[in-house]
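Questions regarding the structure given below will be posed in turn.
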């Protein structure tokens, strides 16, 4: 039975040896020699050191192209012209599906063509030495960002290649990304990844791990996202991870976003072992963007303003070209600089928002209930708890494509634009908390003169890309101004 | 002696007859026929009606090109693609100097060239009928925005031409715009303009008047800007103006900006007669912009966020190309849409900022002291009070090019980024208020480890264009994060 | 007995929001819904329709490859001996084709109705009721009867 | 007795912020300052320099027309029999000229020092002290004497 216990050394070794043969670059991986490479890097490229010692939110974009030279050029641009503090390397989709043969074809095609035939950097195909060329070529630390359910070989190659931060986790890279991987399978695979990070960490090379907070990116209630972060953090800590960055995706309500980030930090410190350093990352809006760069810049601006108030350790920025998919490097740098301007103008201001404490308290109580359900479902074992809780729907994620989650939970915004739960499914929440959600949604229904229904959910999903926060019924344009005048 | 009394009808008539001969289009002006034209307009083009009945902040850009067809095209673009609720027509510099002959040459040259040989729309040269073509061609109400110390003929032509809102005032279009016009002269000229607006108003055609709130646009302390607005409002009310939009320019500190806009509204209602409808306009940052469209969008985003919280009746937007001067119509529309996105996402949120009431109270007390000084200096007469108070420096504007103001006041930001007064000159403020300003600036000096000095002022003037709010000494990049962590 | 409707996203497409909301809407309207979820094959649709004796199959596609993914679908249904109502909806073509020609193409492939991505769930439900000749069971009417 | 310095923005230029701050800096440094303000003519500079028996004339220009506005300025000073130190500073040319050639041009016109718009007031003050051969009266030194 799969349990939350540390993977034995010989087991780690055995799996690593098997994986080595999945693709030829696996054979280049030499742990001792990799430690020596990491030790040769300056402190300014140590991801955990840079992140954990920052005194203002650090900015990091997303970016990945197939070829090494172009990836270096792209990251250098984002570092120099965008002012990125931390750099990414986004991995291509074939690698995410462990289709290294197809990735190899795409890489070869990209080398012979001005177009990119892959949607990211196939790090396994590039192998250890090319990863190191990338790490050497840039000044800032670089993280592997991907979405790979089975990221074991990717971790072996990239960590040996000098990367010191690795995104993902068994739930957060399963539920939103795939349909049929079981949670038992991804948990087992991520135990290997986390144990590998732990092995580096024990040798003095701290590998930062970052569970993917936004999950499905679509109106995820903060308590659900935070519970998944805590569970993944606990699983990683068991395997020896000591630098954890817990994530949260902007929902667009200033008070709820600040409260959620504070709750995330506070609960992270409460649940995770004392020897783990917990940091937080705020993802700018992950839902649909307006098809208009000016309005998209507005969405990004609100993200920057929220970050200035909440002060997460890191912000993952969006670009004004988000709507059309992969942005140009110029647009990517624009998103960084718009975010930076908001943070720089606001961060020294004393901004004391009313209602944060109440919202934070509600988020923490709700998260506690979900965590209790996980512990109960596993009779104390987190792995069994996660499997059983997702199986029963006691823990659930809205809009999950995966069969591993019930996907019965449905969120909707309340009259203030905060994300509440409209349909609970079997989510393990006590009645008093359900009552709060229902009553807030009832307020909205009264304002709009309609019943609470899936229509609100559908309207809310499209609202921000339509230029609003709340999906109010159309034809009633008076609502915006009618709800309480601040003066 | 010039006093705050209503201009007699025959005097209005006599001056109008004189002005008629300054440029041939003056002879086209026929008051009775103009009233009939205004009465023919739909309610949707009545400036005061639209502004005063809005239930969310209306957006208005700045825009003016020399030729009529191009001006129609430009405004139509800003209306349709930018979503402007209210439109502007910005007047050229020659007209501001009453140089109609030169404006005529520039207009002729512009007609024969793809380039614009004037920096605005020479409305006097176009004359009544072309103004009406403009008004007819657009759906939204249009305001005359200019900067003309002697705007009497401009007012005669544009009001007859169907415009229903007219920016400016005897102080706000003198002190920041010219060097040698005396206040007595501009007050006399604006008594005519206001009386003309009053005459239309009495016939049922309400003309909205908008004193120019940002003044010199450079760190103007809110109390000074508000005092000037109140004085100009009182002078206009005496002449029969009944729709007044008082202005304020963003300083970039969220709490101070919201407090200032609330104080502006509250003091406007306190000081102005009951039969005057007071509205407020918020100008997005009027100081130097970052030379980078992405960072400029960030500044605009903060403006939109501030407007969403403060809920002024109107917002004058900036464009991301502000740094380079006159923006393209696309950039102008971008500024509108970025602002709109922030307002639409935030306006329904209940944002309760701590410290607003205290700041508003300080602004109101300071403004009361300045207004008392004006009334005292005029022994009850506002015109004499203004003349004497500016003469003595009891009322003063920082960075004023005009000889009519002492220009001895110097502002600087405090440790929170709020604009305080560093050098008072002869400003009529009681010691307890001066003490508050001095102590806030002392805090900042201690944080920065330097004395309060003109260096802070100089650093603050450049700060936002350099991407910060407060002009901290360089070489100490740790400060941003060191000042109190919100978590 | 309520009519059963099969729902799913065809091909390799992982867009889940639309069918999640549609499932809720159909359930609320009184249908029995079998939601196959994202990345469902033609075979899965056919098997589910057969197993559930479904009245309608609703195929969703949002990533632009609907035509390839639906090729031969109606032949499979026929082979399985199923005469079931079929709807398809979403972003059905990659290019800038006008929707009328897209609709025409999918009608020719055998779909009874073709919807674009802006379609409200209510519209699909109203069509289903009409096509399945269901009496509209308004909640009020039910209450009077019970 | 403190040295008197004439300060102003030449031509039709209305940029007031720079000279406002410079005036404060000069006063704080112990100079007697006559600030002519914006939009000052060559004649006003010359008259003020004569009337105040000034040690230096500081000309500011930020709108790009400094060359035209300063043409013949040193001839006028000479005609008035003034042998006064002259500085010019600001955005001195419209184009993308490198600053060294701009400096050279204004030096040839007779200015003793030429500064760009990024110059700190302290730098101008230090130059003034050097050029006017003033002993640096540090506040501390003054206090010891008094």
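All chains are identified by letter, namely A, B, C and D, in their written order; residue positions are counted from 1 within each chain.
The definition used in the following text is that a residue touches a chain if its C-beta (ideal position, glycine included) is under 8 Å from a C-beta of that chain, and two chains touch if they have at least 3 such contacts.
Computed from a predicted structure; not experimentally measured.
Centroid to centroid, with C-alpha atoms defining each point, subunit C and subunit D lie 80 Å apart. Between the CA-based centres of subunit A and subunit C the separation comes to 33 Å, rounded to the whole angstrom.
One inter-chain figure worth recording: subunit B and subunit C are separated by 57 Å, centre to centre, where each centre is the mean of the chain's CA atoms.
Because contacts link the chains only in sequence, without closing, their graph is best described as a line.
Taken together, the chains touch in the following pairs: A-B, A-C, B-D.
Across the complex, subunit C meets subunit A through its residues 14, 16-17, 20-21, 24-25, 28, 37-39, 120-121.
On subunit B, the positions that touch subunit A within their shared complex are 54-56, 252-255, 262, 265, 290, 292-302, 304-305, 309-311, 320, 333-342, 344-355, 415-417, 464, 467-470, 478-487.
By the touch criterion given at the top, residues 177-180, 216, 218, 398-401, 403, 407, 410, 423, 453-455, 457-458, 461 of subunit A touch subunit C in their complex.
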